[in-house]
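A, B, C and D label the chains in the order they appear, each numbered from 1.
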Amino acid sequence: MSATAILLLSCPDQKGIVAEIASFIYQYDGNIVHSDQHTDFETNTFFMRIEWELEGFRIPREKIAQAFSFIADKFRMEWRLVFSDEVPRVAIMVSKFDHCLYDLLLKWQSKEIRMDIPLIVSNHEDLRSVAEYYRIPYFCFPVNAENKKEVEEKEIKLFQDYRIDTVVLARYMQVLSPDFIAVYPNRIINIHHSFLPAFVGAKPYHQAYARGVKLIGATSHYVTEELDNGPIIVQDVIGVSHRDSLSDMINKGKEVEKRVLSRAVKLHVENKVLVFHNKTVVFD
Amino acid sequence: MSATAILLLSCPDQKGIVAEIASFIYQYDGNIVHSDQHTDFETNTFFMRIEWELEGFRIPREKIAQAFSFIADKFRMEWRLVFSDEVPRVAIMVSKFDHCLYDLLLKWQSKEIRMDIPLIVSNHEDLRSVAEYYRIPYFCFPVNAENKKEVEEKEIKLFQDYRIDTVVLARYMQVLSPDFIAVYPNRIINIHHSFLPAFVGAKPYHQAYARGVKLIGATSHYVTEELDNGPIIVQDVIGVSHRDSLSDMINKGKEVEKRVLSRAVKLHVENKVLVFHNKTVVFD
Amino acid sequence: MSATAILLLSCPDQKGIVAEIASFIYQYDGNIVHSDQHTDFETNTFFMRIEWELEGFRIPREKIAQAFSFIADKFRMEWRLVFSDEVPRVAIMVSKFDHCLYDLLLKWQSKEIRMDIPLIVSNHEDLRSVAEYYRIPYFCFPVNAENKKEVEEKEIKLFQDYRIDTVVLARYMQVLSPDFIAVYPNRIINIHHSFLPAFVGAKPYHQAYARGVKLIGATSHYVTEELDNGPIIVQDVIGVSHRDSLSDMINKGKEVEKRVLSRAVKLHVENKVLVFHNKTVVFD
Amino acid sequence: MSATAILLLSCPDQKGIVAEIASFIYQYDGNIVHSDQHTDFETNTFFMRIEWELEGFRIPREKIAQAFSFIADKFRMEWRLVFSDEVPRVAIMVSKFDHCLYDLLLKWQSKEIRMDIPLIVSNHEDLRSVAEYYRIPYFCFPVNAENKKEVEEKEIKLFQDYRIDTVVLARYMQVLSPDFIAVYPNRIINIHHSFLPAFVGAKPYHQAYARGVKLIGATSHYVTEELDNGPIIVQDVIGVSHRDSLSDMINKGKEVEKRVLSRAVKLHVENKVLVFHNKTVVFD
């Protein structure tokens, strides 16, 4: 398949939206390869993800946005246009746990997740050798209460130098400040090691063990100012029993964490996630 | 929501299909409430399910098919048009097991599955009282090798008298003849108590128990001439272990069977299933 | 299999417990058919469920407890002895939802759950006809803030008259008072329609919908004084997406609720659940 | 916890087995930390896994087997005795796929699976660099119809030199000969990329895709002479839909394969699996 244009949009629902968009694409000889839409009847909002081949499309890629903006304005759309051959540049932030990092690296290496990983940032040295094996630059910024603001500024600067467009917190054990988050709205993906909104905050497996739950879970979500309360992208669970010690639960949970985070990152970099009212529409 | 028109179609993929269909609906003031499409790149086939409100649509419902047929012909579509307020008439066939029957009746009663059940047909008397409680006519035709042809003719006659459009085999323990099947192509839904294609044929739980599998399953599929080989609509599984006796497996399996069959029937009566090359496209 | 004796016990862990119990059973010619044990290393507590055939056991059933009490005392056990042919007497309490009630009744009828259901109690008349179909006495006590204490006293009296040993709240929409709960410690089983501890309290599906979760769940637990905080017996979940309206979530959730509650009731009446420190040990 | 002795056994069921074993352990001051048993009523066979601390046990470890053999003989047991601090030596065989290999290496590295991996054997050079990163010797033996017998002899020799006791086929794409299998009865673990017994043999994802199944699976089993027909240890599945291309199914399947294989290897090296009549008893 050739490269494609992908349009993601939401707008107040009304008649004629699909007709207008499909006619626009057809009129310039575009071949639609995927299209998915959704209407939220509660808020009367229309959502769409539509993808068509650039090959043969009679508007050059750099002028499509401009050409489409007339339709976008008419329907008061929030929208973005991306191209499938523009590979997202993803920074991974880690602390000491390596399971999510490895899972992302393996899926990146096997091209199962199509992204570039220009750098890995950590507050510890522990995972430097992993980064080196994969020949990815590794930056270590130890963080504490005093230097946090300063470190975050360095990190943002670094991300801008590397033209990062998405940040993945692969069990990064620091809370980002609102200023940091504001630079990457709906572009910082976290993995929380519980079935949110159960067990918000620190040590969720300890909380789960203490409560005696029979399933444990993991939640991948976009980071917002309110801790562990951003739009949820993917969740999954695994069964546990009285036979599982806390350490068994942590091990079982790691399996769930890594597949939940990888699935969320894959959906995100394939431009299949729209955020609306602190929820996600996931076109999978 | 008012009643809707639902169009289900497949055709060779080409440019302009969505534009043409969406423009047709918009041109007559139709309000699309759901739309889902799929392209099979292997066979270059386009599939679509699109649903719009009849209220305000400027073609009367009895003339929509005719109006649309020009587009259908142009793109060489296989298609059908249905209306959401035309409730499907479903005959249920049972033998002695009651779990799938009850599940369907409860979901019918609670309107979770929107269908009429004009009659229940069985080769045994066992479940007559269930039918009576729900005030549904119950017909019993004991079947054997000699009278099979004759009985099936009676059943078909009965289904025609009752204007049945879908037949659900809720653990009906008889194999239907090709002649019977031909009357309801892709309209007879069976539940097979295994994870097909494993354990085709009789006594799948016995086979599963003998093989020592760690999961057992159920498969709902359309009935075709080849036994247990029709297009699969829904499958699900449940874990088992060495602690499960054959009878435990049967009990666990019943839970899976009923939810798999009910889900398949719900998808079918909501016109969300398209059959193509002995597979299904399920717009859920 | 003949009737069996079932011993459930917990005690501080020490050497020789299994040897002593197994020797006791062997010494009187008992044939062990099931045995399961667990040690909680955090609290150094030993748990066991052991089941042996009464046939051929050389202590008459009415004297086993006394004979065993020497061992029990020696190891400071909390224990109970039950017999598999003493079918538990279970009262079901309902309000207006019928799905959990039906599921329990069908599994009772098919002997999948071996229990007696001497009566059904409700605060509404809605489900009387269901009870009548199954020929189970139905008592309706409308409850309000004023008469609550009085109604609960009547209910307890009724349960005692009917020699009820377990109460199942099959979507009973009233909070029981501490006085009521104290009569049936770890013998009142509730189904909460969320994945506890997420969404405690009223309208969990509304909360789940508002939060935008990707899985919804149900939790069956013993009722304790603290709302929705008793020992969890069974939990399960089902996937949801942005396509699921609140009402879709409620319907999907009903499926999970009924299988979670039925599984918990089955485990309980088969004497497979031990409560310890507000958690359960489930010998399944 | 100190090192433990683990006894795995099966024998014709009769009275007194548990009493005798538990008394044996208690008599020599053993502290039981885990015990699990199972009776297969169809064949009247008793199975047990019992684990006790070596510290304080008054028989030295090298004499336990001899001491126990009297009991074993009396009850005609098949049994084995292992010690938790004797870490199993596992050879991994691979071809070109790396996902299962990586998953095993990561769980070995994090000590989630306690085993030694003295060598990796392949019929291709592709994964040598992975082995080198983990500093594990890598042997490459290209196999063809002519040299198969000779290569297998070399491999067996190598395994004997390295004192290998378990062989894991982590997507090794060659069928082992009966002679090879005979050297490691119930000690060669394979991952088959389908839900057995569905899709035996080559290209199971292609078969699954062609059949239009709605779930795909993976099966880990011991290798026996009959292809893909050995005792099943672990199975799991994942949902697929018409939207999944063959390549999507392969990617989704890889996730299932690796977690199924890792779980099976973990159970095996923790001595939790007993084989009986081509099935497994898994004490998890």
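Basically, a residue touches a chain if its C-beta (ideal position, glycine included) is under 8 Å from a C-beta of that chain, and two chains touch if they have at least 3 such contacts.
What you see is a predicted model; the values in this text were computed from it and never measured.
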Handout entry: Pair exhibiting more inter-chain C-beta contacts, A-B or B-D
Key = B-D
Practice task
Just grab the chain with the largest centre-to-centre distance to subunit B, centres being mean Cα coordinates.
Solution key: D
Fill in the blank from the handout: Comparing which residue numbers subunit A and subunit C contribute to their contact, where sharing over half means same and under half means different, the two sides are same
Practice task
Let me have the rounded angstrom distance from the C-alpha centre of subunit A over to the C-alpha centre of subunit B, please.
Solution key: 37
Problem - subunit B-subunit D separation of Cα centroids, rounded to whole Å - result: 42
Exercise for the section: Give me the residues of subunit D that touch two or more other chains. Expected result: 41, 243
Practice task
If you connect every pair of chains that touch, what shape comes out? Choose line, ring, star, complete or other.
Solution key: complete
Exercise for the section: Show which residues of subunit A lie in contact with subunit C when the two form their complex. Expected result: 38, 40-42, 195-199, 211-215, 217, 231-237, 241-243, 245, 278-282
Fill in the blank from the handout: Touching subunit C in the complex, subunit D uses residues 1, 15-16, 18-20, 22-23, 25-27, 29-37, 39, 41
Problem - subunit A residues within the subunit D interface of the complex - result: 98-99, 102, 106, 110, 112, 133, 243, 251, 254-255, 259, 284
